[in-house]
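Some structures are shown below for you to check.
Each of the next two complexes has chain A plus one other chain: chain B in the first, chain C in the second.
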Partner chain A sequence: MMGEEAVTATPRVGLPSASILPGLRALANALVQPVAALIVSLLLFGLFVAFAGVNPLHVYAYMFQGSFGSWFSVQNSVTRASPLILTALCTALPAQLGLMIIGGEGALVMGGLFAALVGVGMNGASPLLVQCTMALVAMVAGGIWIALAGGLRHWRGVNETISSLLLVYIAIAILNHVVEGPFRDPKSLNKPSSPSIGDANLIGNIPGTEIHWGLVFGLIACVIAYVLINRTAFGFSARVAGGNVRAARMVGLPVGRLVLTVCFLGGAAAGLAGMVEVAAVQERANASLIAGYGYTGILVSFLARHNPLAIVPVAILLGGIGASGGLLQRHLDLPDAATVVLQGILFVVILASETYQGRLRLFPERAGE
Partner chain B sequence: MGSDFTLNRRRLLQGAAAGATVAALAGLPTARRAYAADFTVGFIYVGPHDDFGYNQAHAQGAAAVKKMAGVKVLEEENVPEDVAVEKSMESMIQQDGAKLLFPTSFGYFDPHILKIAPKYADVRFEHAAGLWTDKLPKNIGSYFGYIFEAQFINGIVAGHTSKSGKLGFVAAKPIPQVLQNINAFTLGAKLVNPKATTQVIFTGDWSMPVKEAEACNSMIDQGVDTVTMHVDSPKVVTQTAEKRGAMTCGYHCSQAALAPAGYLTGAEWNWTDLYPKFVTMAMKGEMIPNFYRGGFKEGLIKQSPYGAKVGDAAKKQADEVKAALSAGTYLIFKGPLKDNKGKEVIAAGASLSQSNESDVQLESMHFLVEGVLGDLPG
Partner chain C sequence: MSGAAASGGLELEVTGASKRFGTNQALDDVSIKVRKGSVHALLGENGAGKSTLVKCVMGFYQADSGRVAIDGTEVEIVNPRDAHALGLGMVYQHFTLVPNMTVAENLVLARAHLPAVVDWRKETAELGRFLETMPFKVPLDATVAHLAAGEKQKCEILKQLYLRRRLLILDEPTSVLTPGEADEVLGMLRGLAQSGALTILMITHKFREVLAFTDEVTVLRRGKLAGSGEPRKLGADAMARMMIGSQTIPPPAARSGKSGDIRLEIDGIEALNDVGEPAVKGLTLTVRGGEIVGIAGVSGNGQRQLVEVLAGQRDHTAGQIVVHGDVFGATRTEMRRHHMAALPEEPLRSAAVGKMSVEDNMALRVFDQPPFASWGWWLHRAPVRRAAEKLIDRYRVRTNGPGAAIATLSGGNVQRAVLARELGSDVDVLIAANPCFGLDFAAVADIRGQIMQTRNRGAAVLLVSEDLDEILELADRIVVMSGGKIVYETPASGADLTAIGKHMAGH
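And now, the complex of A and B:
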């Protein structure tokens, strides 16, 4: 039940050209699988909580109430989704090239750290200029971080999955070192932090809501990523190289440049998420940046099958699961791990349902159409 | 085959849709605010509520509140120090009508509580460990205990029972509240054995189980026979030491159950006394003091019962000092006091008392006393 609305918005790759009907049919076919997987996951989760001695119907009701049942809940879900949209792109973009990057957390941390450095350093300049520079520098920092993994892959043959994961630990160590040493605000006694970027430089909420501007950044980034991958020669080259790297080299595609650029763009998205955490939430860089958004982003990207537009509804769905976790704990005494179990079930079921991709035709084409 | 799937899937969809509708109808009425008549209190923890450490100590306080009549307790665990805690607080207020909140992690304070509290003037926010100043909203309070007094007692007991005189301290970060504990523990041990040393290892973060075990093992390899710690969950250090046959002084809450052989005593929070007191005040409409601190004297901390290995001499001296601390006549950080580089950090005649006059200095502590083996960054 929860999230069906969200998935309904899932777009379809390739829009109808001549007639609208085949497009609708394709859209329906594309939607059946994730919606069915979602329902199966919820049923399995219901079974799980039933074994834990809790009425599954109450669980579903609280989940709906906590995630999308009121305006407060919707805002809660969407706010939690904002960083996930950006960190998911860090996995989804390199995935077009067949690269499995799981180090979005490191790019987020580097982006947040550099955003804070810039924000503090430029204190006093016009806020818009500071904010734009923070965003730009954060994107470059995050981009370089993931491009490192891409470069290691291209030039030295290092597995990018492992190297990007290990780079996360290096990023966290750099963050801790900088905010505990050279860049520590002497006033941050028991929680070592950088100085505050100042109230004037905060990016604040979308007017009339409690949702910060990070959501809009995420939406724009997803649209740009979609157009880039599906509507440009660059994106086509990337997908060709992802499909068959030897063939791509044979036809003269610059595979190395593609790898570095796409990794840079993915990292830039996660770096921007770090800037948003600093400029909209934390107001400074400190260990609170390490909240696991980079890792949940991997899950989002896989659930969206690395489609940049599908990332948005999936991130909102996972944001909703996170938002409803509190109610489940408070009212049903379920442990926090319950929502992690649901995420895990969802992940496994969606991956398993890929087996049926293309084999299910609930809306088959009829002869003559 | 394809048509079979079609049928099954369609039936499944129909069934699920029907099920979902029933679920919504059956469940929603109970999801409404069912406890409007009760006074609702919310607790938020940064880690698991049963971590044998920081969060468990607060959860024990929450359990004491649960026993009170007319009170509804809400608990959330594993809430990160970001938007999540802001939304959890607001959700407890808006969806459950909470009137008093205990967001217990240090990092919840700035900016999260400071951002949410002004929006809900009729809700009270009580935060552990922060430094409230009169420039901040009046519906925020900060409370904490001088738990280093209990680490001082830990040190006295360890000084008596350690055979090698080499003690170990597994610490998360070199921040003032941790340094107070390392220094007090060392001073306590040196009171008994002036040659005692405390090897300190900083793991870098509050929950680093692998590094905590490595630190504990490497210290024991070097001849350390008694360890204590300041990390979120002392579980790993305690279990590692027990396995290696070393002795442990606990922290946050009692870890005696994890180390029946080697647990000596422990520095514990006494939130089980404080929280019901605060809740009673809030229910009566009284103002809880915005700044509330204390040690043994005020009953904010306590000592775990002594373990089997603690001898009579150790018990006698520890009890005597504890009695003096409870009477408020004993100072732990008094001059002349040198750091482990030989520099005088507290002049003769000066002291840092366990009282509000010294709170800011205590919370700015940046030295390791003589006898501590280790370095501070910067």
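And now, the complex of A and C:
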């Protein structure tokens, strides 16, 4: 009945019917909590460095300088952000389904390993073909890795948080086994690595910058993820199943298929991050892939409230925090790990501030009944 | 706070209470006086402000204005602890007992101050003495999970008395009880009040209970005081008019049309419950078009699992479901092809996504179809909103607009929104489970009317209900479910209530 009438209406790409002002207000309200959490974390971090005998104000100044104070540091921050954008999607996409996946690191490692295998194996073919195949294979490898956690959850009721975390260690073990044994480059002595994929197959930098193309991959992936979640029937189904699985089953949505697909897509994003690490930074698969990008991605996703578009600025922010570590070490004699402390504080504060979600507002919304 | 030593019912007087949530004036200058030792009913439709009023009294909310006086003394109640200290206690619609603990443990647990080590022998002896002073008994060493609903409700009331509460506020205390249990509990409460030990304020929307068990009634409508008085002098009609104001209540929908071909065949279905025990044990049943088959039974006899299987929310372990002659596997395509609809109980838990908007919830069945999506893939928001606006209008769903999260609606309006989605287009097979549970009577009449109309349009309706009156009103054929099977079947006209009751009880 509701169909007949509406068929005659011109279908058009629906825009949010609200005007732009309420949208801005909603954005401002959505920003209050993460920004407050960031400020509280910086204050706590100041306290921490004060105990280490350093003036917090100097720390803040150097952190700014090291992250966004110059073109060089901006490029450094953004470069560090690009894998985070992709690994954050590995948490943010399953989160739409109510799944808490924290094993992005494992998907990244698998993606990197398989990208290297393909890159070495296809050496000599046209670089573009090699790069595309590397990306594709890495995404499939990472995707399958996280889909394993999704499948365990769906068919066996295994907690996906635990299984995805444990799969990280299995992935790392596989990587170590492969690069130390069958696929070891004999020239890599104290750091067992796969052979190089060859200079020709590197994906290089965005012209005029020191930022590699991985950033663009990340941006595209975030936009695709956002559109998928918010504008397609598939994303709608995922949100329904994430919101109430009983309602989803009642209207016949294929919950199992959704779980597997969304986990696969999340894992594919992290797998692509692994490919970028190999094809833009390391040139080969080795233990350098295990740099914690997968774990920082979890933090990024939470700070961004699992919103794919918000992931980009948050990842750049956290990339900046990471980038400033060296400067703090050189000028203030703080350990390099000081920025990890800040990340840790930030994560705890973010989780603690979940209680305030929706309660902190700059602009009052029209209240519900 | 002289309450601890004193005893006897308290007088409660609320004057000019107002409370606003955002733009919604939930309470507007409401006054109520509950006399010492009386049973006072608080009547009103969903969203009339009954719960808001008692929550202000109990200190869960702070009224924006107004005064509360206990025994003539004005008091400040900032939180529930203050209310408890004054001797006010509340019994909720849903049980607040710990299911896997015994009655005695639950009672002792409820005390504000517990010693670090509980001397159970001493406590049990004291509880025994306390129970002797009570007009009704509950086995102290029974595990709460094994008690019937009526017994649990008695425990809740005992708990309040054990805590020496002198004014009890009960929020729809009988909504989970059978009529027999309800009469027993209310009769006992009335006895306690008449003895002067207790004052009772009871939220309800059952006129029968108001007329039979209460001394006074206060009626709220849309946050305002609509009237008060003695129920037996006012009579049901006057109270109904106060409750609903000028709006008219539709009379029960007439039954029309004959039953047709078999639409739904349930053939030897078996299903497990959440802990993996058999709950539905080889149930066979057919429903024809233009027929309502009512499944009566005491809850917990597999009805819930049966409904979940039919609604696609639970897998069955044996048997098959046949719709329109085709084996039904609960996929989206099949549901669409056969025009299946369902009204599960607790719609917010079973049939809606709380944090999603009303318009999105109304689109759950059709969002991947044109005109709401192109190629089953790309969503169009505008048709979704237009369709929702139409449904909201047609089914009178009270909401802050189609974009409001459905969890912000009152229970009756969530049910109406789900009903609009399920019955708003063609229906060939409808599965309904306790569709009117916890709703006020205007909403009940409305929803029952919708179900009857769906039947009259030729749908096969399977109605599972714990409310025998509902089944008697709606069903063409009644079956009784007990122990996961159909144990009795009778045409609704001339049904023998004694036989139905006996089979419900498992004899």
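The rule is simple: the second predicted complex is superposed on the first by the 344 of 369 C-alpha atoms of A that agree within 3 Å, B and C clash if a C-alpha of one lies under 4 Å from a C-alpha of the other, contacts with A are read in each partner's own complex, and residues count from 1 in each chain.
The rule we apply is simple: a contact is a pair of C-beta atoms (placed from the backbone, for glycine too) under 8 Å apart; a residue touches a chain by one contact, two chains touch by 3 or more.
This is a predicted model, so every value here is computed, not measured.
Q: Quick check for you: in the superposed arrangement, does A:Pro56 touch first (chain B), second (chain C), both or neither?
A: Only chain B; A:Pro56 stays clear of chain C.
Q: Which partner does A:Asn76 reach: the first (chain B), the second (chain C), both, or neither?
A: In the superposition, A:Asn76 contacts chain B only.
Q: Return first, second, both or neither, reflecting whether A:Gly322 touches chain B, chain C, both chains, or no partner chain.
A: First partner only.
Q: For A:Pro254, select first, second, both or neither according to whether it touches chain B, chain C, the two together, or no partner.
A: So A:Pro254 only meets chain C here.
Q: Kindly classify A:His154 by the partners it touches after superposition: chain B alone (first), chain C alone (second), both, or neither?
A: Touch status of A:His154: no partner.
Q: Contacts for A:Arg25 in the overlay, against chain B (first) and chain C (second): which applies, first, second, both or neither?
A: neither
Q: Give one of first, second, both or neither to describe whether A:Gln65 is in contact with chain B, with chain C, with both, or with none.
A: A:Gln65 sits against chain B, while chain C stays out of touch.
Q: Have a look and say if chain B or chain C is in touch with more residues of chain A.
A: The larger set of chain A residues in touch belongs to B.
Q: I'd like to check the shared interface: which positions of chain A are touched by both chain B and chain C across the two complexes?
A: Touching chain B in the first complex and chain C in the second, residues 1 of chain A appear in both lists.
Q: Quick check: in the complex, which residue numbers of chain A touch chain B?
A: 1, 32, 35-36, 39-40, 42-43, 55-62, 64-66, 69-70, 72, 76, 79-80, 173, 176, 180-181, 184, 189-192, 277, 281-283, 286-288, 291-292, 322-323, 325-327, 329-331, 335-336, 356, 359-362
Q: Could you pull out which chain B residues touch chain A in their complex?
A: 2, 5-6, 9-10, 12-13, 16, 19-24, 26-28, 30-31, 42, 48, 74-84, 87-88, 90-92, 94-96, 106-107, 110-111, 129, 131, 173-177, 204-205, 363-364, 377-378
Q: For the complex, which residues does chain C have touching chain A?
A: Residue positions touching the partner: 21-24, 47, 311-313, 330-336, 342, 344, 349-356, 360, 364-374, 376-387, 390-391, 398-400, 403-405, 408-410, 424-426.
Q: Which of the residues in chain A end up touching chain C in this complex?
A: 1-3, 5-7, 9, 11-18, 231-234, 236-237, 239-240, 243-244, 246-247, 249-254, 364-369
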